[in-house]
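You will see subunit A twice below: alongside subunit B first, and alongside subunit C after that.
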Partner chain A sequence: MANFALTGLFNKFYGVVIRKGDLLMNLSYRKKLKDLSSLLLFIAPFTVLYIIFLLFPLVQGAFYSFTDWNGISSNVRFIGLANYIEAFTNDKRFINSLIVTGKYTVATVLISNVVGLGLALFIENSVKIKSMLRTLFFVPYIFSLVVVGFSWKFIYTKIATNIYQLTNIGFFNLDFLGSHKIALISVIFMSVWHGMGYYMLIYIAGIQSIDQYILEAATIDGASGWKKFRYIKFPLLMPSVTICVFTCLAGSLKVFESIFVLTSGGPGYATETIAVNIYNEAFGSANLYGYGTAKAVVLALIIMVVSFIQLSYFKSKEVEA
Partner chain B sequence: MVKTAGRVIMYVFLIVALILYLFPIYLIVINSFKPFKDMFESCLAFPKSLYLDNYITAFSSSGFIRRLFNNIVLTFMTVAGVLLVTSMAGYKLSRVKSKLSKFLYLLYTVPFLIPFYTYMIPLVQLITKMKLMNTLSGVALISISSSSFAFFMFHGFVKTIPVELDESARIDGCGEFRIYTRIIVPLLKPIMSSVAVLYAIWTWNDFLLPFLILNNPEKQTVTIAVYQMFGKFGSDWDVITATLVLASLPMVILYIVLQKYVISGIVAGAMKG
Partner chain C sequence: MKKLMAFFLVVVLLLTMAAGCAKSQAPVSTPDGQNQTDQTDSKTDSNDSTDNEISATITYLTSQPLYAKNSDAINEELHKVHPKINVIIEHISDNYEAVLKTQMASSNAPDIFSWQGYLAMVPFVEDNKVADLSNESFDSIVFPNFLESGKKDGRQYGIPTIMQSLGLLYNKDVFEKAGITEIPRTISALKEAVEKIKAIGVQPFTSGLKDQWVCYDLFWFAQTPVMDDMMGWYNAMNEGKASFRTERTEKMFELFDFIYENSGDKPLSSDFAEMCHQLAAGTAAMAVQGDWAYEETQKIDPNANLGMMGLPVSEDPAESAIMADSAEILFVSEQSENKEAAVAFIKWMLSKEGAEYLGSITKTPSTSSLKPVIELNPFAADANKWVNDGNKAVPFAWNFWAPGIMDVVGKNIQAYFSGSITLDEFFEDLDNQWAKTVN
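And then the complex of A and B:
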């Protein structure tokens, strides 16, 4: 009797309906158990690695952000929110890096997407050389950011000066990496150059998925080229815009390697983004790991909030054809 | 008539834009074939003769071949691991609809949003404790653990494979693992090729992670070599440009040969996301 009650409770808990008097495990419950075990078996390799090498250090990192740990000593003191308060009240260099990251992100996201979409629209119309253009505009994306950083260092410093000597065109005599005013623009230009092909590809795919009949109908109704773009193509491309802006936004807020190689954040702190700031201050020279991690957590939160707002706003603008 | 003229203008515009866009690459390549003194006579001029000394210096510089080899091994290990682990997880999570699978799906989006440096120091500690410091497998394991992009690609792609295929095999007495290897994997081949090429490019180019884990020069990769070369050769731009070209060449060849997989992979990734 007790046994029966227990089984009943068990089955109730797992949401299994059992026929009166039936003490055997019922078939659907067995199937559920089998499904669960095969699910666990298949996800185990990825999930175990994920937990060990990502989730676990992440939680640990978040914990260190509340301490004054220097990365080496075993003496870890819990100091609550002190690191966070310090970052926002006393650390002018960090605040500066927030502003630099903001400017960099807005410019890179805007230019990459406007140019990428514009180019995609043009390329989609150039029937004969479409696939060649698509392939070649994407090429910079396959280079590592370290290679890209060094290449542009060479171009901005050596080649630009050389072109100036040869042609006397004033533009090439600009101090691309040494001037406070220009350095950030140079960095943004390099980033757009490197990543734009990626967004262009996604936009081309988006354009191709638009039903031709809709555009033909619009042409018959007398819609001009601009109107067709503004009222038909663009709204139907919104899913592509959402994903491109999302990718570019998260990538730009995290940007590190290319700037690290090109300018290391200089001149002064003119191109020091949050990631470069964290590296220079916490992991490069002074060993302020607890403090550096707190700033990294702030950056993670910024990325999450910005991405969430962007995704929900852009998704609300998407329409069905 | 007007339409053809417009077309011609557009073609000219696109080709000029393309030439300007790829011009920086051209500049790096032509200058890598010049002796140092010719380089600054005119950066824009074509090399006077085929001069290969920069490449010989770059190639014979301590351990470049070793690092090239390390990069190849690392890339193979990572790509194989990513393909196996994420296709298994993507397949099952796409098939089983439960609260647990929904939760895991959300959990796997985390790496898109979390910058690497948030957990980089605890990770280095962990790797040290596990005696994986200075090992290529350590780097590969970490890369695999955050390969959510591949997971989402497989998760999305499996949805297009009819469940009836799994079910009829199950009725015929086929085990779960055999269903995966004999039915699902062959159907996943196109998307697997795309994921493989994309991860090959990303792994080949990765810098910060191998830089942190691999301190031993014997174990380092080409990207690290490129980074360190700047300290070593100072402003010897002749050798540096040659190294830049050498480090990128394998991926350029890979891209030229397998470009259709790169393009379809990126497109699929964007559409499924």
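And then the complex of A and C:
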């Protein structure tokens, strides 16, 4: 009986109607059952890991966001939505971190993609040193952000000062990390430098997959370089743009390492993004673990909503040749 | 058959993963029961031996980098007294709190760890995370006034092991070159000294303000040194009846501004390491910091002629103060299975031989009352002299602060100096944060 119910389930799953006694159909049904079980077996290790290390902590984290847990105590008190209300009504630092993250994200997404696309087009046109340039621009991306952060900290403080002493060019004497007006720009510059090679690579792949016949046809029709880009290459690159903007957006909204290493959110609160703010709140001397978790849930929701809107909008703009 | 085998292997793999996540509380016993015999062996050993030797390996999480660096030598020295105690010393400089909390949450707390005393230890005490050491008679080997920092409701939880000091560090050679014969004890004398230092082309101060903790260390001088009734103010603060803004703290900010203005081009880009380096190299003359800066200054010039004095806080020379307080306050985890060994190790640290040996590494005074002879580093030596000469010395301010206020002070000081908030906003925000954390 149970077996029969199972059969029904699999029929539904595969949309196959099995007539009893039909040997041929029964055979193919058994084959499909076998396929399914091997499929389940293959994804099982990952699914188990995913549940243990991602899904379970996520649910647990969401639970702590409704409590006043201090990260040490075994006494966890349920306080409902108080953490969320506090974050939006009585926490200037959190609101500030939302604004900082907003500025950072808009700037990084725009600049990274424009620069990445620009580099891709430039490299595709420079035939001779193509592979060398491609490697050169991609190199920063293979370094860990922490290493890059420490290097740039050194560049912004020591090297820039030395250059100033040698050349007397005022620009190099700017207080790159210490001024609240410039610090965020310095961080954005480093992030773009680090990430542009990755986006460049995706755009190069996109450009290479464009059918040469279309471009040839356009050339014969007398389209100039800019027109070819605007009306042919760019629309056909839309899938690459979707992917690049999506990765960059999600990454920027939760940016942590680069800022933590370079400025730790300072001076003051000038570069404190949401993730850095959460870290300080949950692990700093304040001991507000539950509160930090609530902010983390808010951040997760923001990332989900923004990414969803971005993806569906960009998808709608994609065309096929 | 093959498929069955593959299936079996996958199941085994999954089980191994699950086993990896499980807490390993009981020691895994080998089939022949070897572990069990080992344990009983050591137990009978300790019972048999006449001098009550304890056998254990304990972990010690410290904020003192030199202990971890000299871990092998410390163990060797320890074995002279306790041949069967091994200490694994772990040092973390950044994110100490995060690491400690994570280890505790995963039931993996170190046997001994260093933390602040007074109010900062209260959450650990209230939640039974630290062992009560009242019956271990530490009062016979530690000066009783130091032990206060580790007490709550008359019970002893933390054992302070060293003494640290915070004041105005200065390069004696630069002072001499600038012709400053007497150390400044009033603000106007300090201003004169700064003019003289400028005249010989040296930067008067070096700030280190890029590090938040250096920022709140600076702010401490607007707290304990300028308060007549310290405990009264903190109590009033906890009841919401006081404010950080007083006439005297406002005055202190005039001094802070003066220090900031004379700290070179980019005071907010200078971090602790750079500050120490500049001080040792003589490219800057003074810095508001503590004797722990010694190690970092050594990296530039081991023979730098350095010293510490009180920071002038008014026109009254008697008010010029350094801060001296007990530090490296050690706690024994309640979860620890080696409490006896942990206590024995802390007692060794405070014994005459132990304190002298550790002192030879850190060159910092011990809290031990057994009169260990320690050669102090120049900062600590000057601080010691300052206190012994009967000058003003006050405790560190953070011991009385509401939890979480440290970060806010550090960040707000940076924000104030960078010009993104005004002094009004600075004080208002601090008062609000205090009220919030106390509630």
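To be clear about the criterion, the second predicted complex is superposed on the first by the 284 of 321 C-alpha atoms of A that agree within 3 Å, B and C clash if a C-alpha of one lies under 4 Å from a C-alpha of the other, contacts with A are read in each partner's own complex, and residues count from 1 in each chain.
Everything below uses one rule, namely that contacts are C-beta pairs under 8 Å (C-beta built on N, C-alpha and C of every residue); 3 or more make two chains touch, one makes a residue touch a chain.
Keep in mind it's a predicted model, so treat the numbers as computed, not measured.
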Based on the superposed arrangement, let me know which partner A:Gly102 touches: subunit B (first), subunit C (second), both, or neither? neither
Which superposed partner A:Ile163 touches (first subunit B, second subunit C, both, neither): first
With the two structures laid over each other on chain A, which partner does A:Ile52 touch: subunit B (first), subunit C (second), both, or neither? both
Between subunit B (first) and subunit C (second), which, if any, makes contact with A:Gly61: first, second, both or neither? first
Subunit B versus subunit C as contact partner of A:Phe143, first or second or both or neither: first
Quick one: is A:Pro235 in contact with subunit B, with subunit C, with both, or with neither? Answer first, second, both or neither. neither
Taking the superposition as given, does A:Phe283 touch the first partner, subunit B, the second, subunit C, both, or neither? both
Please name the chain, subunit B or subunit C, that touches the greater number of residues in subunit A. B
What is the contact status of A:Leu41 with respect to subunit B (first) and subunit C (second): first, second, both, or neither? both
Shared subunit A footprint, subunit B vs subunit C, residue numbers 41, 45, 49, 52, 71, 283
Subunit A residues touching subunit B in their complex are 35-36, 38-39, 41-43, 45-47, 49-50, 52-58, 60-62, 64, 71, 119, 122-123, 125-126, 128-129, 133-140, 142-147, 150-152, 154-155, 158-159, 162-163, 166, 193, 198, 201-202, 205, 240, 243-244, 246-247, 250, 253-254, 256-257, 261, 275, 278-279, 283, 289, 292-293, 296-297, 299-300, 303-304, 307
Which bits of subunit B are touching subunit A when the two form their complex? 10-11, 13-15, 17-18, 21-22, 24-25, 27-28, 31, 39-40, 42-44, 84-86, 88-89, 91-93, 96, 98, 100-101, 104, 107-108, 110-123, 125-126, 141-142, 144-146, 151, 176, 180, 201, 204-208, 223, 226-227, 230, 237, 240-241, 244, 247-248, 251-252, 255, 259, 262-263, 266-267, 270-271, 273
Subunit C-touching residues of subunit A, taken from the complex the two chains share: 41, 44-45, 48-49, 52, 70-75, 90, 92, 156-157, 173, 175-180, 264-270, 272, 280, 283-288
Please give the residue numbers of subunit C that touch subunit A in the complex, ascending. 7, 10, 13-14, 17, 21, 95, 97-98, 101, 104-105, 120, 123-124, 126-127, 129, 209-210, 212, 265-270, 274, 403-407, 411-412, 414-421, 429, 436-437
